[in-house]
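Multiple structures follow.
After this come two complexes, each holding chain A, first together with chain B and then together with chain C.
And now, the complex of A and B:
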């Protein structure tokens, strides 16, 4: 998995690409660090360029949700498609994380 | 890392007695006391077998067998593939050095011997060897322990004889395939006779793999017995299990699940699911994927599950599997199977071997998958006899 981030006022948008899976656990820490930006209110995880997510990857979304909640930041997962959307729907991650198409 | 060299064994192979003595003198001063000698490559090979050195100091030009030939012979032997060999060479030429490396040399020291350089290079090679053997021993130990843990994980699952007796009792054909990944995994499945007319089936997959996922399957095994299945709808039972797992699992760890109860008197399968891959239901030639969407277990205390009911009369079947079946692939230019291809995958397996469709399924899965598996594979075939 690769990611790029962009800050705009009180929002950070992180664009993930490639495959989010078990082996990416170490990269998660780098993304969590982005939550510590000053005055941050909204954290958008853009999955439109993500091709695959496995169960460990779904776990990472749940971890990010908790980390964001603890900092009073609104986490939004946006634009999942294809297999990624299917996996998120199957596991009903939308009951815990806000998903925007 | 500075190690004591007093435990190290060094073999000096040189046809010149003066060279042997002066080399020995230099390394003895560095603390190496266990030293053996040979006068040519052939003697050197014998000495490697009898003396078992940690390092060889090897001359190039010698009668009978030269140093390059001896080194090549050592490298052909798997036991000595990693044995450090330091060539001593009088020629400070690029070509000579390349020949030494090509013969399998680890490094070289120049002749005439410069004591400081010689000891530094000897020490460097011995330290590398010690690190390597320590790591190899550590790895061997971890592999033994993982194998042991894999065996324990297998022991949680229904064994062949038990499957057979449950199958007899309920007029079923029951077959299962379970293979843990190269490490350990988080798959689990079970079959539960509830009374004379009802039998339950459970398949669970903890996120990720490795030791954490495997430990979670042991946790699960103790939790299952805590919640009786007899009097609860599948959705209620999953809810209870979800609450218990939420208490013990840290954020980010969860499980997907399918729990179904087959009622033989009403020919009905009632199930609830928590995000497991879509099971396959086959009734009278119609083969289709079942809805298994549901919040994964252990993610939220507020999770609610839905009961679904389908007819599963005699001659029908239910096929359960873990995500490895559809996510692993990559061999022979073939990608993973994918969820959508599963009904056809099952249909062609039934056509190929009606009595034991798991057999062609396994063959076709392994033909497209790199081994060792990256994730646990579980496949359970449940058919009602016609």
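And now, the complex of A and C:
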């Protein structure tokens, strides 16, 4: 998985691309660090360029949700498509995390 | 002058190499009912095996294109006699089918499920319609075999404060242990007109398959792998004390 981030006012948008899977735990640490930006209120995970997510990757979304909550930051997952959307639906992640198409 | 050896080294295990007790054990492990075994004296070309040194994706694709039944990565510093003593040689040859044996160090990060599904498609076993389900289930089975099986890392590591950092450190530590990296992930595929069956075998400590939850707690950080497999595969069986997961897909 690769990612790039963009800051705009009180929002950070992180665009993930490639595959988010069990070998990506080290990158998760880097993304969590982005939550520590000053004055951050909203954290958008843009999945529109993500091709694949496995169960470990879904667990990482939940970890990010918890980390955001602890900092009183709103986390939004945006733009999942194809197999990624199917996996999110199958795991009912939308019951816990805000998903925006 | 020294010559550079070919990375692909053919040999035949079917003719004279597979011990009878190994064959009996793996027959019980994989339940090959419904698949025609290859007579041991027939030894057709596709039943030959290829040994691969320093396997990477391109090397494995090249090996697959020679249509071996067995493709086996040698362990680090391994040679052919040593490789034959390792616990990789898992399956009686079936036609059609193939068997891939990799070290954990190689399998981690190789996206094995993509590689295997590409090969199933190339051999005409897997259509585009079924690909997504097969690849997802196989990926989850392989991930479990690597992380929880051979690397011996429990999901419980994630369920503590800062658990993802602990989990990441455990991954790095275990992958840095040569003895653990050498443990094998074996993937055995066979198919017929109506079914694809794929077995994923590890060399870890096993687990109690009855303890896997039928449906994951929504907020749980782990445990969805088997949920996905049970939802997307036609049948899932766990044998060998949790070291072998067999996925069946009706096609």
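Quick note on the criterion: the second predicted complex is superposed on the first by the 101 of 101 C-alpha atoms of A that agree within 3 Å, B and C clash if a C-alpha of one lies under 4 Å from a C-alpha of the other, contacts with A are read in each partner's own complex, and residues count from 1 in each chain.
Going forward, a residue touches a chain if its C-beta (ideal position, glycine included) is under 8 Å from a C-beta of that chain, and two chains touch if they have at least 3 such contacts.
Given the structure is predicted, the values throughout are model-derived calculations rather than measurements.
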item	value
Fit-or-clash call for chain B and chain C when the two complexes are aligned on chain A	clash
Touched partner set for A:22, first chain B, second chain C, both or neither	both
Chain B versus chain C as contact partner of A:60, first or second or both or neither	both
Chain B versus chain C as contact partner of A:89, first or second or both or neither	first
Touch count on chain A, higher of chain B and chain C	C
From 116-124, 206-214 or 224-232, the chain B stretch with C-alpha clashes against chain C	206-214
Overlap of chain C and chain B interfaces on chain A (superposed complexes)	22, 54-56, 58-60, 62-63, 83, 86, 90-93, 95-96
For the chain B and chain A complex, residues of the former touching the latter	205, 207-210, 251-254, 256, 274-275, 277-278, 292-296, 299-300, 302-303, 323, 327, 338-339, 375
Residues of chain A touching chain C in the complex	19, 21-23, 25-26, 28-29, 32, 54-56, 58-60, 62-63, 83, 86-87, 90-93, 95-96
Chain A partner contacts - residues on chain C that touch it in the complex	108-109, 111, 132, 136, 139-140, 143, 146-147, 158, 163-165, 167-168, 171-172, 216, 218-225, 227-228, 231-232
In the complex, chain A residues that touch chain B	22, 54-56, 58-60, 62-63, 66, 83, 86, 89-93, 95-96
